[in-house]
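For reference, the structure is listed below as C-alpha cells.
Naming follows writing order (A, B and C), and every chain is counted from residue 1.
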Amino acid sequence: MKSSLSQPLLALGATLLLASSAAAAPQVDKTAVKAGTVITLTGEAIPDGVIVIEGGRVTAVGAASEVQIPWDATVIDQPGMVAFPGFVEAHAARGIDRPNETLDVAPFLDVKDSIDPVNFYFEEALRQGILTINVQQGNDTVVAGQGMVVKPFGMTVEQMMVRPRSGVKISAAPKRGKTRATQAQALRGAFDDLRRYLEEMVQRQKDGDDFDRREALYQGRELEGEAAKGKPLACSGWTIDGFERVPRGEVDEKREPLLRIIEGKLPVIMWCATPMDVHAALRVAEANGFTATMTLALAPACWKAAAKIKASGCSVILAGLEDEELDPVTGESIETFVPKVFHDAGIPFALMSTGDANRSLWYQAARCVANGIPRADALAAVTTAPAEMLGLGDRVGKIAKGTDGHVVLFSGDPLDITSVVEHVILDGAHVYDRSKDVRVKQLFDGTRPPGTASDTSGEEDWPGDGDDPEGDDETENNG
Amino acid sequence: MLTSLILSAAVAASGSSVPADGTSWTIHADKVYTSTGKVHESALIVVEGGKIRAITPGVEATRDALKAAVVTAGMIDASARLNSGTTSVEQSSEVTPLVSAEFGVDLFSPGWGRLARKGVTSAFITPLNQNCIGGMGTVLKTAGDRSVKGRTVEGAPMICGAIGSQPSQRNSSAFGRPTSFFNRRPTTRMGVEWEWRKSLFEAAQAKEPDASQKVLLDALAGKVGVFVQAWATQDIRTAVFLKEEMAREGFGEMRLVIDAGAEAWREPAMLVRSNTAVILPPVPAQGRTTDGALMSVECASVLRDNGVSFALSGHGGSRLDLQAGLAMRGGLTREEALRAVTLTPAQLLGVDGRVGSVEAGKDADLILWNGEPFEATTRPVGVLVSGHLALDPR
Amino acid sequence: MLISCLIAAAPLLGATAADDAFALRASHVHVGDGQVVLDAFVVVEDGVVKSVSNNAPRGVRVVEVDGHIAPGFISLRETLGAGSENSERTRKSTPTADLSFAFDPTSPSWKGLVAEGVTTVLLPAGSSQIAGGQAAIVSPAAGEVLKRNAVVTLGLSRSALGSSTAPTSFAGLYAHLGEQFDAASEGSPLADAKAGKVPVMMRAVTRSEVSRALDFAAAHGLKGAVLGAPEADDLVDEIKASGLGVVFESKAAPASSQDVVKSALALSKAEVPFAFTSDAGSQGPLGMRMQAAACMRAGLEAGAALRAMTADAARIAGVDATHGTIATGRAADLVVWSGPPTDLTSRVHSVYAGGHLVHSAHAHGAHQ
C-alpha cells in the first residue's frame, strides 16, 4: 500500500522535520539508499549496501556491487551511516486524545477517531526511527476500543493508516475504582452478555421476529452480500446452536467486535499488572476461545508468571525492564531483569518506548544486550517480534524484497550510545533529515527556534552588575 | 613473563587472594582506564586491605583472579541527594551553617545498596535544599562500614545551599496571626538572595562572630567551599554575582561550585571568569527541568570546550553511568566522561587523595564492566567499595 | 482462722493489718534471676522479703498457696492513668520535670494491669519531647511512688521532630540536646546522667535512629537503655559494645510483634539485657505477657522471658537493689499464679505489694 505523500506539507508539526524549502514533496516512484552498513535483520549485515525501493516497497537489497540501481531512482548516499529497518512499537496509548473512556466495555470505539496526526508523540517517534506503531487505548479499562497500526507521518489519519482495527485492548488488572473481583466479574460479564445476546438472536430467528433486521436497517447498516449470510459460530470456547440462521450483518455493532474477538478475527492485547492478573487473563481467554490471538502486555512484576505464559503460547509486550522487590525478612533488594526471564523461557517478547527522548526503543534493546541477551534477540524485540505480533511480519521490522520501503539511517551502530537517527525514508520518501530538525537542535544544543518567546540568540553574555543602578534618589512612588 | 612470575609469587606470598575479611582481591582486566589518561592493557590489579596495592600491565590472569573486560575507578556522585528528606534540614531557620548532613543520613536505606551496585562508590550528601543555607555536606562511601563515621571520606569542607525558588517554597507571609515559623521571609527568589547576602555581610561585619558566622567567614575566605544549587541561568548568575560582590567588598574570594547547573552551558564565559565549577544534574526526558531550566544534551561538551570544570551527578535515582553515556552522546569522549564521574568530582570535593582514579595507594573503589563503560549495551558486573564486594561478578 | 481469711481477702491499700510477718508457701518460687525454688517458703516482714528457703519458718503465719510465686512484673513504660500528662507540648525540653506528678494512683485503669501481674511501672515522658524529664518508678499495686527522678527520658526518634516547630531535623535535635547537656549544671538531671549516677532511656525506632542514639550515649558516657529498637537484631554488636540495654515496645497482636521477637532472641543470645513496656492503653492489660509469650514461641527460654519482665527490667531502671527478684532485703512485690508466670494460660490468684495483699482474684487460691 503506497502512502500518498503528494500533498504539500503545511506549517504544522511536520514542517519542523522537513527541508526548510517547504516545497511539495514529489511523488517518489523510485529511491535507492546507499549506506556504509545495511542491517537487514534477515541475515548478516551488508557492508556498502544498497536498498532499492520502488512504489513504496523494497525491490532489492544487497551489496552495492550486486544490486542494480534504476537510472531514474533518487539516490540517498550516506557511506558513513548505518541503514536499519524502522523500529516497531508493539503497542502505545499515545498520540490519542485521552487514553481511556469511562465506559467499562466499549469495543465499538476506535482510536481512529482519537488519533491526532500532529501529536508530539508521532513527531518524536519519527525522530527516534519508530516507523510502525500500534496505537491502542490505555490500560484503565475492562474492554477498550479497537486500535490501529499507523506510521508516524501524514496529515490525516487516513494517510497515517497502515492497518485499521488492529486489535482490542482488554485489561485483567482492575480498572480504577474496581477491585479484582469486580474487574473479573465485569470481564466475564462482557462475554456472558454477548453469549446471551447471540442466543436471543437465534431465538428471535426461530420465532420469526425480525427485530434485529429492523434494528440493523435503522442503524444504517447494510444487509447485502456477505452481511446477509449466516455462519456457524467459530469459537473454540463455547458454541451457539443455530447461530448460522442469523445473518451476520444483523449483529448489533456494539457487540460485533466482541464476536470477532471470540472467533479469533480481532486480536486482543491483554494488560496485566501483577502475576495474578496473568492467571485471570489466561482464564478469560481460555473460556472464550481467544488464547491463540491474544498478546499479553505486562508490567515488570509479571515475570513471575513466565511458566504459565509459556504454557499458553502467548507472546508478550514488556512495559518496563526491571523489577525490584525488597525481601520482607532480610530487607535485601532482589532485582530482576525482566526481558531475560522471557528470553530464557523462549517466549517471544517485544519492548516499549518511554517518553524519554534519550531512551527510546534503541535504548531498551541495548539494555537487553547489557544484561546478557544476545544482540540478535534484543534487536528482534524491537523489530521483527512486534511485527509478527501485529501480523505484519512480512512487511515491517526487516529489510527484504517485498517489505515496506522503510529505512532508518543511523550515524553509527543503532545500539551505540552516541548514535542518532540522521535520516528516515518512509515508503521510499525521504521524510526526516536531522540537520533540519529544529526540535532536536533545541534539545541538543539549546538553540531556540527563531521568533519564539525568550529567544536569546541575539543577546550578549551578561556583563555582571559592576555598575551602580542608575539614578533615583528622588523616586516618588516607592510602595 | 618475569613480571608475572614475580607477581604470582608476591600474591602467593601475601596469602590467598581471598582472605577472611574480604577486602583483598586480585582482579584481571583486558583494559584498565585509570581516569588519569593512562590506559593499561591486560592488567592485574592487586587489592589488599581495601587499598590498591599494585597495577601490573601486560600480564595474564591468575587462576583465582576476578575477571573483567574493563575496570575503572568507582564513580563519585557529586550530588547524590540520598538524604533522609525533610529530617535532614533544620527548617526552623533559613540559614543553618552548622547543621551537618551526616545527621540526615539513613545508612539502612536500600538506596545505598542500589547506588553501590550501579557503580557509585562515593556519594556527596547534602541537606535537603529547603533552606537558603542548609549546612555542611559530607562524602560517604556507599557500602562497607556500618557507621557514618566509618564511611566518611574526609575532604574539603563544603557549605551547601540553594538559590532559586526551592528555599522559598514552604514559606508564606502571615495574614493575621503567624501559625508557624514558616510565616517568614523569603517568599521569593530575591528574598532567597537577600538571605544569602545578609548572612554573608553580617558574618563579615560581626565584631564577635558566633559559631555559624565563623563558618561563613571561612566560606568567604575560600577555606570552606560553597556548594550552591542553581538550576536556571538567572540563579547561576545570582550565585556568581554574589561571589563577585563579596570579593569587591573585600570580604574574600569564595570557592564556588554550582550544583544542578542545568543551564550552565548558556554563559560559560561567566563561569570561567569567576573560576566556578559546575555539577550537572541528570539529563531530563524532554529538555526542560526544575525552575524551567533547559538542559541541552551537549551542555557537558560546551563546558568542556570553554574550560569550565564540571562533574556529572545522578541525584540518587538516575544511573550515573547512563549520565556519562548521555554526556558522550552530547559530544564528550569516553575519557572525558569518565573523568567527569571519577577524578573531577574527587578533586572538587577534595577527596582525590583517596579516591577518583585507579592508582596504587588509593582506596580499592573499582568497577568491573562487561564491555566499554557507559554504553547502553554494557553495565557494571562487579563493584568494590573500599575493597568490599558490593556487587559480585562471579 | 476467720481473722486470717479477712486478712487474706483485704482489698487494695490495706495498710492496717499488714506489718506483721507472714510466709507464703508454694510449690514453685520463681526468684526472677532464673532460679526456681521448689516447695519453698517466702517469709515477708515489714514489707520486705526476709528469706526464701525450703525450711518451714517458725512463729510465722503460713499461707499455703496453690500455684507459683513470682516477682511482680516490672513494665518500663506505662502511661495508663496518666493520660497525656506525661508530655509537655509547649517545650521540646524540660529536663528537670518530675514525672511522678503525672501519676494518678486512683485511676481505675490500673486495676486491670495489676490483675495481670504488673506491680511496678516506669512512667517516662512522651516521645515527642527531646529531654522530657525524669521518669518515676511507681507502684500501681501499692498506689505509691517508689522512686522519684529514677531515669532520664530522652526522645531521639522522628516523633521528637516537629514539622513546623523547631527542631525539624536530626541535626537540630542533636545540636539542641548537646547544648542541654553542655549547659547542665552540677547536680542537675542531665549532669547526673553524664556522671553515670542516673540511667537514661532513649527512644529510638529506626536503625539509623538507634545508631545515632548509641553514638550519642558513647560520646557522653551515658548508661541505661534504648526504648523501641524493634530492629535491634541488626545492631547487636553495637548495642553490646555500648553497655546499654533495650526496652521493647510490647505488641499484643502477633503480626506486629515479629520484629521485636527476632530482636529479643538476638539480644538474649548476645547476653544483652532487655525488658518490655506494657502500654496497656493501646495493647490492653495482657500486652506485655503476650509479647513475652510470642518471644517464647520463637524459642526464648521461659527463664529469660521472666528475667526480662523482672530482674533485668529492674536492673535497667536502676532499682535492682530493691525490686525485680524474690530475695532477702528486696521489696515483697509478689504475684501468686495458677501456673508458671510466663505461661499465657496461667492466671493471677493474688498480688502482694510491699507485703500487703492488694489484689485477690477469688478466694479459692489462698487456703489455710
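In this text, a contact is a pair of C-beta atoms (placed from the backbone, for glycine too) under 8 Å apart; a residue touches a chain by one contact, two chains touch by 3 or more.
Not measured: the values here are computed from a predicted model.
J.: Kindly list which chains stay connected to each other once chain A is removed from the assembly in thought.
T.: one piece
J.: Grab the C-alpha centre of each chain and report whichever is closest to the global C-alpha centre.
T.: B
J.: With centres defined by CA atoms only, which chain is the most remote from chain B?
T.: So the chain farthest away from chain B turns out to be C.
J.: Taking the mean of the CA coordinates per chain, how far is chain A from chain B in Å?
T.: 40
J.: Using mean C-alpha positions as chain centres, tell me how far chain B is from chain C in Å, no decimals.
T.: 48
J.: Whole-Å distance, chain A centre to chain C centre, using C-alpha means?
T.: Going by mean C-alpha positions, chain A sits 67 Å from chain C.
J.: Which chain A residues reach two or more other chains?
T.: Residues of chain A touching two or more partner chains: there are none.
J.: Give me the residues of chain B that touch two or more other chains.
T.: 108
J.: Inside the complex, what are the residues of chain B that reach chain A?
T.: 108, 110, 113-114, 117, 237, 240-241, 244-245, 265-267, 269-270, 283, 285-287, 294, 296-299, 302, 325-326, 328-330, 370-371, 374-379
J.: Could you list, by residue number, the parts of chain C that touch chain B in their complex?
T.: Per the touch definition, chain C meets chain B at residues 158, 161, 163-175, 206-208, 211-212, 215, 234, 238.
J.: For the complex, give me every residue of chain A touching chain B.
T.: 326, 331-333, 335, 354-359, 362-363, 366-367, 369-371, 375, 415-418, 420, 442-446, 456, 461-462, 464-465
J.: What residues on chain B touch chain C, complex-wise?
T.: Its residues touching chain C are 84, 86-93, 96, 98-101, 103-108, 127, 135, 146-149, 179-182.
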